[in-house]
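Below, each structure is written out as structure tokens.
Okay, so chain A shows up in both of these, paired with chain B first and chain C after.
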Partner chain A sequence: MARQDPKKEVVIVGLGWTGAIMGMELAEEGLEILALERGPDRRTVPEMKYPEMIDELSQGERHKMMQRPSQSTITIRRDLHETALPMRKWGSFLLGNGVGGSGVHWNGQNWRPQPVEMGLRSYVTDRWGAAIIPEDMTIGDYPVTYDNLEPFFDRFEYVAGISGIAGNLNGEIREGGNPFEGWRSRDYPMPALPVTYNGAKFAEAARAMGYHPFPRPGGNASTSYVNEYGMQMGACNFCGFCERYGCYQYSKSSPQTTILAALFRKPNFSYRTGAEVLRVEMAADGLTATGVTYFDEDTGEEVFQPADIVILAAYQIENVRLMLISGIGQPYDPATGKGVTGKNYGYQITGSTSMFFRDEHFNPFVGSGINGVCIDDFGMNAIDFGAEGFIGGAYISSAQTNGQPIRSMPLPENTPEWGAGWKSAIAEWYGHEMSISHHASVMSYRGHYCDLDPTYRDRHGRPLMRITFDWHPNELRLNAFLQEKIEALARTMQPDLMKSSYKDFDSRYDVRPYQTTHNTGGAIMSQTPEGGPLNRYLQAWDKHNVFVTGAGAFVQNTQYNPTGLVGGLAYWAADAIRRQYLRNPGPLV
Partner chain B sequence: MKTVLRLFTALALVAVLFIAGLIWIPVSRTPASEALPADWAPEPGAGEYAMRAGDCMACHTAEGGADFAGGRAIHSPLGTIYTANITPDPETGIGGWTLDQFRAALVDGLSADGSHLYPAMPYENYRLLTEGDIRALHTYFMEEVQPVRIDVPEPDLPFPFNQRWGIRALNWLILTHDSGFNGIMGDKVLDRGQYLVEGPGHCAACHSPRTAYMGQDGITADQPAFLTGGYIDGQQAPALRGPGSVIRDWPTPELTAFLATGRNFAATANGEMGLVVEHSLQYLTDADIIAMARFLKALDGQPHDPPEMTVPRGPLARPAAQADARGEATARMLTESSPDMPLGARVFMDNCAQCHFVTGRGSPEIFPALQDNSLVLSDEITPLVSIILWGATVEGTAQRPMPLVMQGYEARLSDDDIAALTSFLREAWGNDAAPVSPEAVRDIRDDGPPEARQDDGALMD
Partner chain C sequence: MTAPPQNPKPHFPLSHPGRRQFLRVSAASFAAAGLWPSTVAAQDMPPLKDYPRAWLTENEWVFVLAAVARLIPSDGEGPGAIEARVPVFIDRELAGDFGAATDWYMEGPHQPDAPPELGWQSPLSPADIYRAAIPLFDEWCVSRHGTAFADLDAAMQDEALTALEGGDVPLPPELRDFFDILLTNTKEGYFSDPIHGGNHGMAAWVHIGFPGARAHYREWVGRHNIPYPLGPVSISGERA
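Moving on, here comes the complex of A and B:
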């Protein structure tokens, strides 16, 4: 028999970036709010304390901060004909767990999408005609424009504490920033961090080729910072333990450093850890949700938590799974293209070239999550899709985030992978390498989607999420284009040795090597209820008191790291709830 | 011989009579310092505000105990006493105390039955409270605080310090000043600051030196030793005026930020001062914090232009300071990080430099500077070593909600490491204080963390 707890006005599922943002915004309205977090509490001290946190073996390699596959995992297949199998060790992406979610273990790289990415189908059709869009490509226009979202991107950047140089200030292109970016109403809240030697070297080579290098923007503080909530960060000291780790020194933007302590002071906000939401419960008429049922790890029982508003703020994968399990939106069917929930799963494609310089020293242990120099000269708005034969874009960068001994030992080709040969190669090459990589868009396709696995279940008996995804020729052509550009740039730098690592035209999606934790779609926002399960305010079309935040809303993935758009959309949706929904609960569109 | 015997007997008799007098002659209570109209009543909230300004809760609430139910251990070199239950419970608290009895506790250090309070209660300072604040406090404690029935432990003091009549003699020596407030600053705002600092804030209880008989040397602003530095519970309370003043180089807005949030461009409020910010100062109005800061700067003969607010609202980006001329050599040595650098510097690089930086100047409002840091330089090394061993927390406030937690290094650093580290800190960046020995570190480690010492037997069920 399930326990039932006293009703709340709002229940938030997941206490990461968007759960914290929604909690804060709605707490300002005086609503009684409960956030339910599956994982444990995480504070800078003691949970992220030095030196335990920077143990590469336990954190970096064994993913101590992440969701355990035994808690729940996903199954993967590459096409409709394969049988999906469960991932038993994380690889391609890393799912967060606990308070702060992925906002604890990210690098901090923060971007806005380009204006053209928000209206992509129209942009492509207007420029080149609908004929260049492959038949199975299901890209669309976001039901919200860049201009709509600009104030909310800005808000998130000022809350999160982003360092960078504006390249486009109210339409004016500024030296040192990204000239290809969308307009921003004011500069970043903090100046850019200094860059390491590899970045300076890359910038010089890029400039010589006529490109426009700029320091990567992101949430590693370059100064002391105080945000609108009075929350604080201290200047980053380039310790080189960002991604996969919690920051032990308050320098990386995370819910912990920028929102949570302020939120926890609100008497009308509370949260529970060890509370895994199993499903959203529906009213008898099916038009609204009545609350959520969660599993309480402390007591081992199921708890029904009634609420007036349900906000799904878990990671994309868990959000979409909860929607499918709970019947929010019709499940998507790739055979007919009908249905909406699970549609347009997206990812990103990456590739890189390593350069080895016998006489140069890069000190790779000096790093930060955002450290590096980028160019956006091959971004979405700078490529002639008609001429190149693909739709997509990328930013290219030379990063130096860490010199960790297990996973960050780049070696030239044909080096033994163990033994004396490996050891002498390490001695010869450690610290003599820098790389250039691309981070590219992936479009949406009819056959790339999320549904419930017919075979595999989690410990609560719920079906696992099944993802069907593979590389599409469109992205492989984009990848080859980028490889050529990067290698040409790298050759001008005259390294002693070069090693490229890119997918070729036969490559299929491999879940083992880490690529990006930038899973998108499945809960996409749409102009119409037939296009996606959410409207432009992240409100479920068919359950007006359910809102779904996160990258699940992306119609197709952008060429950038998703957090800026995720944060902007959360503030945008919160604004709609505060201004419209609370006054007049019902469909906002 | 006979004469000597007679003289001795006479002296003994005088002493006995004196002591008997101390014990049995009824005490007298100081009357109200001003007459308030018969229908006078405090403004709503005034009592609670005076309680915050007077920081009653910090001492009269045990760790994990009910508000104002007492039982918090106060350690002194003579032994341990436990703070009183000041909830309005008639049996175990102050329920039913008349205004005159309540006032006498504040201004004369007398309990309702005429017995003497231990001078851990800062009645030397509360003696300066206005009659309005005293009455507001009386109303608050009698009518707004929930009664809690709980006995606090008896004091743990050896003879003769457990004889309360001894305090009467002490009071003859220390309670020589008039009750009530006397503003001397010639300005309404500065006088308000003077009042809050002298009276309810009882800053002199820690920041003034002590006389030979343990009274405060400098209770009011007109006394030369006022706020020239003292000690509290094994911690140095630095001078707030004069040549050694820790706040002399702080612009007024940095002082207001420190008082309101426990953090500013260079420092954080640790230990006892952290408690003052947590329980008292963060609840005061901007105007009162600014008045206190301006008074302190004025008292020290420094400029005291009023800031617009106690602490600027975000968003706010403040770069970390570069090393100055005094700190440059240390910063360079640490930056070069030669393998043969001394152990203390090496321990610093491996554990501390991430936040406090090679400049020793930290990052504003979050990582305190170690250069010129009064806690680093103090003769009392326990707080510094204790923070390195067990960490420290600056609690969040409304304007700066994030608790600033420094982790402890108890499990990571040996006594030798910590001795080398603290000795390094005390001479780096132009700092100049004596080295610390591994034995001293060991003794502090053996005593255990401050919370453990605080909690000893303080709670009774």
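Moving on, here comes the complex of A and C:
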């Protein structure tokens, strides 16, 4: 028998980045809000404190802060004919769990999409004609433009406390920033961080080739900062334990450092941990949701939580699964192309070249999540898709985020994996390597999608979500193009040895090595109800009191890390709820 | 599950608890001043043969000692897996959540012969894989070379491990990841913080020049191409 709790005006599913943003924005309207978070509570002190946090085995290898696959996972297959199998332990991506979500243990690399990425289908068609779009590529235009979103990107950057140098201030190109970026109405809230030796070397080589290097923007504070909620950050000390770790010293942008303490002071906001939402409940007429049912870890029972507005902020994977389980939007069918929920799953493709310099010292443990120098000279808006034979782009960077030796031990080609040769190589080469890598876009395709797995279930008996995804020749061509550019640049730096690792034309998606936690699509926003389950305000077309945040809304993935766009879209949707929906609840489009 | 991680209690008594407590409270300040003498040698650990095991049987222990000694041998510069006490780490990991695959999704149906790119598909936990694979590998060594792995000479052991790595030792598909986890666990034990039982004296960190849990380098960002001078500290405050 499910318990029923007193009604709330808003229930938020998941208290990560977007749950915290929506909580704060709607709490300012005086609404009664409850956030339900599957994982435990997490504060800087005591949960992230020094020195216990600085433990590569527990955090980096055993993922002690992440969702446990035993709680819930996904199944993966590479094509419609393969049997999807569960990701039994994490590999390709890692999912956040607990207050703060993935915002606790991300790197903080923060980007806006390019204006052309928001209107991609039109951009490609206008420039080169629709004929260059492969038949199975399902890219579109976002139903919202870069210009619409600019104030909301800005808002997220000022709340999150992003460090960087503006390259395009109101259309004026500025020295030292990214000249290829979209316009910004003001500079970043904090100046860029200094860079380590690898970054300085890369910048010099890139400039000599005529490229335009700039320090990577992101959420590692370069100085002390106070945001609009009075939340304070202190300068990052390059601890070298950023991604996969909580920041022990209030320097990484996270819900904890930038929103939550202020939000928890609001009397009309409350949250529960150990509360895994199982499904969204629907009214008899099917037009609205009545609330959610969750599993209460404390009492071991199911609880129905009624609410006027339901916000799904449980990350792309769980948002799409909850929509499929609860009947929000018609499930997408790749055979007919009909249906919307689960459509256009996307990811990121990456590759890198290591360079070894026997007599130079990089001190790789001196690192931060965003530390590095980038070029955007091979970004979306700089490539002639017609001439190159693919649609896509990338930023190229030389990063130095950590020197943690279990996972970060790049060694030259043909070094043995074990034995005397390995043991001498690790001493010879540790600290004498730097790398250049690309971080590239992945387009949407008819056969890449999410649905419910027919076989595997979680501990509550709910089907796992199944992802069907593989590398497409379009992205493999882009990857080969980028490899050539990176290797040419690397050679000008005259390393003693070089080692490249890129996918080749036969590569299939391999779930074992970590790649990125940049899962996109499945709950895409669209101009019409036939195009995707959400409208341009992240509102479900068929259940007007359900809003869905996160990268699930991406029509196709961009060439950048997703959170700048995720945060901007959350503020954009919150603004529409505050200004329009609360006054007149109903479809906003 | 809340962070910080609960580390399993060491299975061996520390010889000087009072001294260890002292280390924990004062090492940071001493380390900062550069005054702390190298302390690790002073902490005498029970020899590996007397180590009270939590998971591995006598035969398995003999195998693990022999195998890790080839994966990271003792000769040459730097510690081998034996000096780093990697077998202690492996025993403790196998006795804990990792060994039991507590955090992993282990529901069936299982398809252990699936394409490897689809990841771990064995129905067995890592600890069960060690348990099942060691006797099979030993049998293979006996049939090939007339003796169990631990009794082979070093060159033959390397050859046998190479065969295991290359998939040339016939193992059923549910055990096919055995070499991978053995090697991964060996490197984890070599490089992880000493609180987990390996990397004894942080000697593996000293070997490569990793400063361990210092995690504070702001003033080093702009010092380009200058080797970092300080040795490692550990989570419990040791310094080497």
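By our rule, the second predicted complex is superposed on the first by the 589 of 589 C-alpha atoms of A that agree within 3 Å, B and C clash if a C-alpha of one lies under 4 Å from a C-alpha of the other, contacts with A are read in each partner's own complex, and residues count from 1 in each chain.
Throughout what follows, a contact is a pair of C-beta atoms (placed from the backbone, for glycine too) under 8 Å apart; a residue touches a chain by one contact, two chains touch by 3 or more.
Note that the coordinates shown come from a computational prediction; the quantities given were computed from them, not determined experimentally.
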Practice task
Answer with first, second, both or neither: which of chain B and chain C does A:405 touch in the superposed model?
Solution key: second
Practice task
Pick one for A:223: touches chain B only (first), chain C only (second), both, or neither.
Solution key: first
Practice task
Using the touch definition from the top, say if A:479 reaches chain B (first), chain C (second), both or neither.
Solution key: neither
Practice task
Report the partner of chain A that touches more of its residues: chain B or chain C.
Solution key: C
Exercise for the section: Using the touch definition from the top, say if A:265 reaches chain B (first), chain C (second), both or neither. Expected result: first
Practice task
Considering only the touch criterion stated at the top, classify A:254 as touching first (chain B), second (chain C), both, or neither.
Solution key: neither
Practice task
Check the residue A:158 against both partner chains and state whether it touches chain B (first), chain C (second), both, or neither.
Solution key: first
Practice task
Could you say whether A:288 touches chain B, chain C, both of them, or neither, answering first, second, both or neither?
Solution key: neither
Handout entry: Touching partner for A:50 - first (chain B), second (chain C), both, neither
Key = both
Practice task
Please indicate which partner A:366 is in contact with in the superposed arrangement: first for chain B, second for chain C, both, or neither.
Solution key: second
Completion exercise
chain A residues where the chain B and chain C footprints coincide 46, 49-51, 235, 237, 239, 248
Practice task
Write out the stretch or stretches of chain B touching chain A in their complex.
Solution key: 312-320, 351, 353-355, 357, 362-367, 391, 396, 398-407, 412
Practice task
Within their complex, state which residues of chain A touch chain C.
Solution key: 39-42, 46-59, 61-65, 68-70, 72-73, 76-78, 83, 85-89, 91, 98, 193-197, 200, 235-241, 246, 248, 360-363, 365-366, 371, 403-406, 417-420, 422-424, 426-427, 430-431, 455-457, 508-512
Fill in the blank from the handout: Listed in rising order, the residues of chain C that touch chain A in the complex are 1-5, 7, 70-73, 75-78, 80, 97-98, 101-107, 109, 111, 114, 116-121, 158, 161, 165, 183, 186-188, 191-193, 195-196, 204-205, 207-218, 220-228, 235
Practice task
Spell out the part of chain A that touches chain B in their complex, as residue ranges.
Solution key: 43-46, 49-51, 158, 161, 189-191, 222-235, 237, 239, 248-250, 257, 261-262, 264-265
